[in-house]
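Per-chain residue numbering starts at 1, and chain names A, B and C are given in the order in which the chains are listed.
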Amino acid sequence: MSQSSPFVPATAAAMGRRSRRPPLALCLLLPALLLLGFVFLYPMLDIVLRSIAAPRGGVSLAHYGKIIAQPAYLRVFLITFEIALSVTVATLLLGYPLAYVLVTARRGIAAAIMACVLLAFFTDVLVRTYAWLVILGPEGALNQVLRALGSAPLNLLYNRYGVLLGMCYALLPYMVLTLYSVMRGIDRNLLQAARNLGASDWRAFRHVFLPLSLPGIAGGSLLVFILAIGYFITPRLLGGAGDQMIAMVIEQQVELGVDWGFASALAIVLLALTILGFLLYDRLVGLKSLFESKI
Amino acid sequence: MRGAGGAALRLEGLGKSYGGVTAVAGVSLAVHAGEFVTLLGPSGSGKTTTLMMIAGFVAPSAGEIMIDSRPVARVPPEKRGLGMVFQNYALFPHMTVAANIAFPLKMRGWPRAEWRPRVARALEMVKLPGYEERFPRQLSGGQQQRVALARALVFEPRVLLMDEPLGALDKKLREHMQAEIKRIQRALGVTVLYVTHDQEEALTMSDRIVVMRDGRIEQFGTPVELYEEPANAFVADFIGESNFLSGTVVGFAPDGSAELRGAGGRRFRAAPRGAVAAGAAVAAALRPERLRLMRNGEESSGEENCWEGRVAEIVYLGEAIKLRVAVDELTLTAKMRNGDGGPTPCPGDRVRLAWRADHTVLLGTPQPGEEAGAP
Amino acid sequence: MTDKKTGQRISRRQALRRGLRLGAGLAAFGVASGRFRRAAADAGKVVVRTGGGAYEEALRKAIFEPFTAATGIQVVPFATNVAKLVAMVESGNIEIDVADLGEFTTVTFQNKGALAKIDKSKFTRTDLADLDPVRDYYIGENTYATVLGYNKDAFPTKHPQSWAEFWDVSAFPGTRMLEDMGAEYPNLEFALLADGVPMDKLYPLDVPRAFKKLRAIRPHIAKWWDSGAVSAQMLASKQTVLGSIWSGRIQALVDANAPVAIEWNQSSRQLQTLCILKGAPNLDNAHKYIDFALQPKQQAEVARLSGYGPINRKAFDHIDAATADKLPTSPQHLKISFATDASWWVAHRAEIADQWQSFLLGG
């Protein structure tokens, strides 16, 4: 390269002069934005359009009318939220102590627990669900143990218990990992400080650790709830007739190629209800006010 | 805010070992009520572990902790009634300044009506009045430090533990806070046990200093004692700067000072401490500022020792000038006040250094692995 | 070696590169001879949609490999579900030539105008007179059945032999299972048979009557199964003692010596079909593939490997009696079973889906 190359100085000068250039950050973001638009917004739009497309062209709200007119579909939405909420609460109650042990236990124990949690994570959902079929059946491992103990067999399959068990197991890792990441960021000195200032073990937890772990509780719950709302394999295999979740109906409509328009309408209603629920949650619970404490 | 005065603190053979590793090896120590005592040592010396055992966060493997005459080694931390300031302040990020400071009052069941006035007084004491409704993240490092101090003192503990509380502050602010802490400590009369690795901070603030190394106490004394009469080479080197001379006692002068023969046959005199027998191999420490640079033709004015050497290096420190002078195979460091008059020598100049026998401190028997010779 | 387009001799390395481009399918076949590789490159390929799994494995042995050996045409299996196929058809980006599909989906695609007419004049190997059904847009390939399966331990001496007896919970106690709409077809036909409708008068289905009959059995249904695996698992683990189940699934249990058995009476037959997608890139090869696949020998081999019943009558010439007795299309089973009317189902599925949903929730 000779020093007569005009390229470098010219560019530098241009950069100095032009102030209206798109900022570098935007340029770097552009591929991601395009990708997002293409893989997220475009299909979203497609689903909306499908849901309002009339069979012979034009716009029709017939699909939405059907959802409202058929009480069965509203019932399915209700059941979906009921199951998702139960699973969220159950995974929180199970996951919180687990995550707490993970961040407080000695390294060896924590690693063993983490391995168990992740093992469930890495197993295919279908395999896990079939394992539950084997464990929970009337002749399954659980009932054989119960029978050996002289107890009456439990009916845990093809009903709500089976669905909740299977889904909790599948979604627990999401809750635990979210909680774990937040709890790990909590300065352990704060707990010592609380103890030093006169708090018992429990009160240090109650007044310091718990409030500081709230972002994890909120994040984990939201994640599990949203994942649970879209579940269909587990309720399909482990549930009974009364455990219809909306994703099962959507999947059926799509998979058998029956009515993609109606499936789209169901998906849109689910999305709308979820967003509505989230806004309500944010409004009512008001995370920030919960998080901060004054005297 | 009035203090409840200080409590006496006594450690009796306090020890901690993890598996086979000893972190603190049987430390015994008596701190008087209202005294400011600093645990000083390099990292890994066991000073923080000692503090954590006193606070109750680390269970001792051996020994007892007495506060006044109450044994507390097996008392949970919240029942020891000790105030503590943590290295990174450990303010609760989700609580306002007021909630942070009221926290110990709430936990200790003080009547709710007293919270606000006490918080206000505590904030006044640390010169942050009106900061009640801020959150810690809205405060500077120095302000957070003050809030931590207010929180540690608001419930009137009789002993305050401080774990490198000023480590995160810049030099100016640190010096300012040192004075503030001393002022508050004097005003409240609280006993303070302070941990630092900064010897200058220890010297400025402490009534007495515990120098620790490898889980043991090397020396416990006032700043003056530690500086003027270090018990061993480690203390002499860790607190301030020292030249180390080694030699054999060959005899005693009429004034009682010992006559020594050092490496290369050079002779010097030192003021013996305790009994030193002729023929014994000893080490001595000599502070750089005790060495005087003699001008050409100048006679020594009462100094018993005078060596000649060549200037190897000059370090300009602002208020002082440091000379490294090679005397045969030894290198002595001398420190002169700037503006003492007279020309500053240049590297390569031949100079004479003089010092008094009673500034040559004979050290205790060197421990194995200790470097007692020339640095 | 000579390149067709340019007539130039091409180097050995170029030929090798071309060979490599044939893809993974060929490699899987383990075909290594140079002569064969050249034949494959010249004859092209055909992309066949399958459902994957054991059925595709049977097709590979019975059809793909012999077809390639005979014609040099490479078969690229394309395992995909119906939803992805629908998306492919809708986008117009057709990568598949032949679709091996259940009749319900085939008719759906036909109605969407997504299928190409099959030009039967191109057939040289198969005599279409031996086949039924042969339609403009698809040809029956083989048949699976939904049968009445039962646990032999639960019914050691006398088992239900009709759907009316299946409904008779006092004579044959025990929990039952029936098919959910999610699997394919809810068993409306069986309900009507149980209610006394003759087998040849089922269609058009009397839907309200069928649901009424289903409500009667509902309290005794442990689960409406919506996948073949679940139905097999339930019968094998004795979670139910009685139920509708696909013949292939229960046959696998029988072959594994599980205490279960098949009642063929009043079973329903569903058709697996072959069709060609409109815009298929290898149209000629698609015809060749279908022509080849429907030959008696290939049909017999698929039947032997998969348990599906052949459509080609002549296939039974190559099937021993013991195997024939397990197949839905053997003469003895044809007599006592009925064919599901896929066209009726395609026309009524959406409305039945609504009713099924509320039925499941207790309506």
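Assume contacts are C-beta pairs under 8 Å (C-beta built on N, C-alpha and C of every residue); 3 or more make two chains touch, one makes a residue touch a chain.
This is a predicted model, so every value here is computed, not measured.
Enquirer: Compute the centre of every chain as the mean of its C-alpha atoms, then state which one is farthest from the centre of chain A.
Expert: Between chain A and every other chain, the largest centroid distance is to B.
Enquirer: If you average the C-alpha positions per chain, which one ends up nearest the average over all of them?
Expert: Ranked by how close its C-alpha centre lies to the overall one, first comes A.
Enquirer: For chain A and chain C, let me know how many angstrom lie between their CA-based centres, rounded off.
Expert: So the centre of chain A lies 37 Å away from the centre of chain C.
Enquirer: So the centre of each chain is just the mean of its C-alpha atoms; given that, what is the distance between chain B and chain C in Å?
Expert: Computed value for the inter-centroid distance: 87 Å.
Enquirer: Quick one: report the Å distance separating chain A from chain B, using the average Cα coordinate of each chain.
Expert: Once rounded, the distance between the two centres reads 54 Å.
Enquirer: Could you list, by residue number, the parts of chain A that touch chain C in their complex?
Expert: 66, 70-73, 75-76, 79, 130, 133-134, 137-140, 157-158, 236-237, 240-242, 244, 248-249, 251-260, 262
Enquirer: Okay, in this complex, where on chain C does chain A touch?
Expert: Chain C residues touching chain A: 81-83, 85-86, 104-105, 108-109, 181-182, 184, 218, 221-224, 226-227, 229-230, 233, 237-239, 349-350, 353-354, 357-358, 360-363.
Enquirer: Quick one: in the complex, what on chain A touches chain B?
Expert: Residue list for chain A touching chain B: 187, 189-190, 192-201, 203, 207-208, 211-212, 291-295.
Enquirer: How about chain B: which of its residues touch chain A in the complex?
Expert: Going by the criterion above, the answer is residues 55-57, 76-78, 82-84, 86-88, 90, 92-96, 98-99, 102-104, 106-108, 115-116, 119, 133, 135, 151-152, 155.
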